[in-house]
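Here chain A shows up in two complexes: once beside chain B, once beside chain C.
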Partner chain A sequence: MGLIKTVFMTELLMGLKIVFMQMFKPYCTLQYPHVKHPIPDGYRGLMSLLRYEDGSERCVGCSLCEAACPSNCIKVVSDEVPGQPLVRYAREYYLDISRCVFCGFCTEACPVDALAMTKVYEASVYDRRELMFDKRKLYALGEQFLEDGKAYLVAHGMDDGTLYPREGLGDNRYAFPPVDTAHGGEQPEQIGLTREALEVEEIR
Partner chain B sequence: MEIGWMVITALLQITVVLITVLLTVAYMTYAERKVLSFMQDRLGPMEVGPYGLLQPIADGLKLFFKEDIIPAGANKIIFSIAPIICLIPALIGFAVIPYTEGFTLFGMQGGVIADLNVGLLYIFAFAGVGAYGVILGGWASNSKYALLGGLRSAAQIISYELAMGFSIVGVLLLSGSLSLVSITQAQSGTWFGFIPQWNVFLQPVAFGAYVIAAVAETNRLPFDMPEAESELVAGFFTEYSGMRFAFFFLAEYGNMILVSCLASVLFLGGYNAPLPFLSFIPGFAWLALKTWALLFFFIWIRGTFPRVRFDQLMKFGWKVLIPVTLVNLLVTALGVYIYNN
Partner chain C sequence: MSTATKVATITVTINGQTTQVPKGTRIIQAAQQLGIEIPTFCYHPRMRPNAACRICTVEVVKPMNKMFMACSTELMDGMEVLTDSERTLKDRQTNLDLLLTQHPLDCPVCDKGGECKLQDYSVKYGSLENPFATQRKDFPEDIRSVALDFNSNRCVLCGACIQICGDIQMVDAIGFSKRGFITVVGAPMGEALDCEFCGQCMDVCPVGAITSRFAKYKYRPWQETTTLTTCTYCGCGCQYDLRTVDGEISRVTPVEGVGPGQGSLCVRGHFGYHFMDDPRRLTRPLVRRGDKLVETTWDEALTEAARGLARAKAGGANRVAGIAGGRMTNEEIYLFSRLVRDVLGSPHLDSSLRYGAINGVTVMQQALGVTGMMNSFDDLRRADSILLVGCDITQEAPICGLAVKEAIKKGEKPVLVADSMKTEIMKLGAARLVYAPGTEVALIKGLVKAVVDEGLIDADVAAKYPRAVEAIRAELSGTYKEIETPTGLSKADIVAVARQFASARRAVILAGPRVTGGLKGKSAMAMLVDLAFLTGALTTPGAGVNAITMENNELGLALLGAAPELLPGGRGWSDATARAQVAEAWNCTLPEHAGDTMMDMFEAMREGQINAALISGTDPVGRTPAGAKVAESLRALDCLVVADLFLTETAKCADVVFPVRSYAEMDGTFTNMEGRVQEIHSAMKAPGKSRPGVEVWSNLARALDHPLEYASAAEVRAEAARLAPQLATLGVPNGASAGVSVPTLEAWLQGGYLQTMNHRYDLPAKLNEASEHNFRLYLGELLYHSGSMSTYNWGLMKINAANELLINPREGRKLGIRDGDRVTVTSQLGSAVVVARADSQVMPGTLFFPRHSVNAEMRNLVQVVVGSQEEGAVPLSCLERVTLARVAASAEAGASA
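After this line comes the complex of A and B, so read on.
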């Protein structure tokens, strides 16, 4: 039996048969530039800055994204809104997307969900300078892919679309949610003031 | 006058055959990529022209415009002529392949460019010369990988040329001629009216051995040790680029087509139709069909088998293939002797 197998090379013939039959199976190629794969909402593509429905900028220039970024590619220049002391915004905002590792930490860090990632992944350009996104470019992206950005925030559990009531804020540009509903958590129990807060009290 | 017509007929036939061969080479690369893709659930080239049909032309143009680099320390003269030494034997062998039934053109005999009475030896002699192109190209590149590829190629071609030669001698004994035209003509007709008188039915072992040796001779997977891209980058043509690379490429595919044509002529009846009632289809179509079937087989085994190790290759060549073909030769010789007496 073993000899017959060796002489007639049955294993080889078996392999040939399998490969031949494989030719008649459907292909699994996606003709990429013509056909594109659907992108999930949580996809981390190019960064964008969002605006509220009334058109005001969400970003308050707190630089938390800058601190969170592991590749150090964000630069925020914060400033007061002219004529409105205590209300701040980002006068300039630079994001070097060519250095970005698309980790999404900045969007997590942002307290007002101003940053969101779009589903754009075709970022090739002829001039690398175009990959240095400034504030204008980021807001333009945010405007163009507003739905993507919102879906991103929802998919990552940062926003269920109801977190930030815009009514009755007066001069303020944002309000924090009363309860952390997005994460389904309880409001953290208040066990007196923290040490830092006490120090602040004392100074006052 | 006679001479003039002879030259014109020869030139015409050469043009037709050469263009056919080069077109086949071009579309062989396309077919190879497509068939391999289908075997791997892919689509293959799809962008250039409908279903990627113009891909070979794009590839050719690309190679033509590539920079031609001669590496520092390379032997310039040998480096330049090696691709040519490789390519010419691959193309020149087609001169003795009878591509269709004999016909007369301007009073001259057509059907084959040159009916040499040593046609088979001629092809083998040139195949041997082609091996020099590979070895010299590998040596002249001044690169370890290329040199190793060339050395492997030398060892491999020597071992498998023997087996190939032995497998063919059986056919020679049967037809009593070295001329490919006579060999083809000896294979016309049928036994009992339904089995075509092809040598493959008399020499099945030799046919198998020939195909295996041919795969090894043309450096194709699973015997592509001289180029073994995972070990030797690209083997003997690692340092080649542009048109010189294209020459090696053409030579490889030209050789594949040549050995397939030769197998069709020697074992599968050449341009003969398998059965008499099918002979309304012209001879060259039958030859093309048989050649393409063998070429498909080449692609098929490339898609199936992994590359063998070098010692396995040598062991198989010397310890299996050569003894088998020798025994086959002995049996054939005895058979022919008994039959003739």
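After this line comes the complex of A and C, so read on.
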């Protein structure tokens, strides 16, 4: 028997049977990076800063995110907006993404829904210094992935999809004075990363 | 405190813990002693209970079952209190709920967030659901005042701010206005707050209703690093927490119960923290190349300085001079004086003590063997009577002023004020003697004469020391006329004050800079010692005579002998044993003759007898009128080395400038006017390549081939303490426990006393009264500035730029001068144009201008009178502060109006 098996290569054929059976089943391997998984709304990707609909900065520079951060990767430098007395804002905002553990505590600490996490997880760069996100980059990310941010806040039960409005939320939620972009606030702008570049590419 | 009245103790039980407390103790105090926390907004350990906030309600179960305010209820024997019973907690919760119906919940943008009592208590005792309807207040935040912002929405109306302003600061600048739900705290009549900005209301505010304009939104409490350090603005030496965020200063906060101020700060201490990170700070050493000072390396600067100093030293004996400043640390002063006296071998060492309280300090040393004040601030607080002579205490030493104010509160108007202005303290004190500026000597003579003539001499003193009493009596043969004429006071006034002072048991004399720094300052101070002696103040515990020092470490200068007539340890240069001891410790020789005083040095520089000088931490060019010719003297030098924080007027004349560190950037100690040695600590990033003074002088000694190496400032202090044992103690007035041998009063009365008696009671010659100059210009101290560093603070300059001429309102009206008008002031030496403002403190015929103003024109109107040698060892070289000037409405002011 052994000889017959050896001569007719039955083991090989048995193996090939599996192969041929699999040939008629659908794919389950994803051709990353050409093909990507859909990301759930609650996914904790790169951090972003959000603006109000009129373009003014949400962040009031309260540093609560900094206090909540377990890996000490956030640094907020708060100040009074120049020319706008009694309006507090983050003059500088740094987030060291290389130290971030993506726990999302900062977004929970934020009293004005200024912080939200996007679905972007591809953070690799050629220069580590690029991983130190500053205020400009964080706002640009927020601008680009606003929908991600909104969905994130809803998924984590921090918002009902309308986002914390400028005029506050009734009696028990304070209406923080907005940072007028004409004074010290950053103008909305785009950075290099575009939505298109991250779009799923079809396999040829 | 007096031990005679024994306070009964009572036994009480709080939360089951039984303890014994003195009768009169309130519930909250006893609870705090037991470590039990009772929440409170309005309670403050240094103030009367206010019982306004109602959050401290506790349940008393015995002798009656009732809710009581813990802050205001005195305990009874056998009382049982529960601070965590269900009923207490429920009341507490309801109180918080009621407060939170109004509080705006803007914690994320509130500067108090993180250290707010309401926040803490809400977390600890509050409810999750507020059963009451909210009614948020919506007052606009009051940001009209320069330093303090009032947010009435956050206010819990506890009234602590109003109480501290009225009871401790005694200024009454703020109060409640309106009623009911719209009650707000602020300046009266809804005006913008314009007070002296001590900032204490902000400190006691439990919530964020009063916040600092200068620190607005710059910090969160948990980001800050706190460093307990010593203030550098005046001789009080208050301790405070310097708070920094990432090495940059964010604000200053007091520490309750710590240091001479016990937790009070003045405007300079609170808001004068901007000079350390001023962009004008020197960051690298400078050397002179032609006309310009250029930046260089430390090596080059040190080599060049050493070369210049060595050249002068080689040129002949005593050709180097050193001038130290009163804002250097004790360690820096010690090393500096050793560098000058030992390494450079020159006796010419003087300091800013010369234009400060040198006369007060030396007289006190000779008379009583005390360096600094005889009494501590605590003695002042307990004094039955305080006589302030030529001392605007609330401006010159604000925290010492608070101690005087505390004595005032004891009732029966115990404070007697003699000054040439209607000072703040005078408005609170009882007897006022307003004398013509510059006539302090006559006034003090009058007081002594009144004590002798009216038989007010202490019976014990008269019996024990008849010889001394007779010697003083013999000097007072003149009539009252010679006192009444110059001072403009009547005999009756003087006698009344003398009588009141002599009748008090614990009577304290405070002599201000106008006594010690005036003409015949040494005599004036000696006369005050006589006055204290005759009234028995020198022999009564808690009483005495004191001279105020102005700069923060002026006493350190005296203690470490930074004056030609002094040696380390505060002993005189003439003391041969002390000199030998110092020479042995330093392994050098010290000449028998003392060196030149500052003014003599400047003359010697002009004449080419001194060729090189070291100046540190003081600005003689910027502080003296042009008439003193200091800049000319310094330019005549072959080599001038200056160490300072900024490019001062003096530094501009220098050949080498060393950038040194401020008190916030290095370790060391300061000695306050009481003689307390207190530490400072490095708290923030030092600018550029600046080095601590101790390191600089050590480096320079090495460059001069005479190494003086130390591992730290503490090591320098340890060495200095061998010569000045007072330095070994920390935080105790007068180095009380240092085992310093203090010559007693008897020693002074045996001979030492009579040596200086000659001419002591002679009155100085009258001022040159030019007829067309009908005003006396008086350069005095201002609360907001102390001269050395304060004018580099943008914050303090914003509060008060120290550039206004103050004039009596009635005279201002007569001359048609309105507030803000520019006026010309003319003296024999020239004229200056300044802005005038009417102030009721100024007497008719007098003009007041801040002494520390950056305005050199005004300063140059004053003559420099170098004191004569008549008083024995010390030639006085104080700046005359009084000159005659004329005011006329400026032509350009008329045009602009």
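The criterion applied here is as follows: the second predicted complex is superposed on the first by the 136 of 204 C-alpha atoms of A that agree within 3 Å, B and C clash if a C-alpha of one lies under 4 Å from a C-alpha of the other, contacts with A are read in each partner's own complex, and residues count from 1 in each chain.
The working rule: a contact is a pair of C-beta atoms (placed from the backbone, for glycine too) under 8 Å apart; a residue touches a chain by one contact, two chains touch by 3 or more.
Worth saying up front: this structure is predicted, and the values here are computed from it rather than measured.
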(message) Per the contact definition in the header, classify A:Q31: touching chain B only (first), chain C only (second), both, or neither.
(response) first
(request) Report for A:A67: first if it touches chain B alone, second if chain C alone, otherwise both or neither. (result) second
(message) Going by the contact rule set out at the top, does A:A123 touch chain B (first), chain C (second), both, or neither?
(response) neither
(message) Touch test for A:L16: chain B only (first), chain C only (second), both, or neither?
(response) first
(request) Compare chain B and chain C by how many residues of chain A each one touches, and report the one with more. (result) C
(message) I'd like to know which partner A:V101 touches here: chain B for first, chain C for second, both or neither.
(response) neither
(request) Check chain A for residues that touch chain B in one structure and chain C in the other, and list them. (result) none
(request) Please give the residue numbers of chain B that touch chain A in the complex, ascending. (result) 35, 37-43, 46, 300-301, 303-305
(message) Show me the residue ranges of chain A that touch chain C in the complex, using the header's touch definition.
(response) 60-64, 66-67, 78-80, 85-86, 88, 111-112, 171-174, 176-177
(request) Sort out for me which residues of chain C touch chain A in the complex. (result) 104-109, 113, 134, 136, 141, 143, 149, 216-220, 222-223
(message) Taking the touch rule as given, give the residues of chain A at its contact with chain B in the complex, in rising order.
(response) 12, 15-16, 18-20, 22-23, 25-29, 31
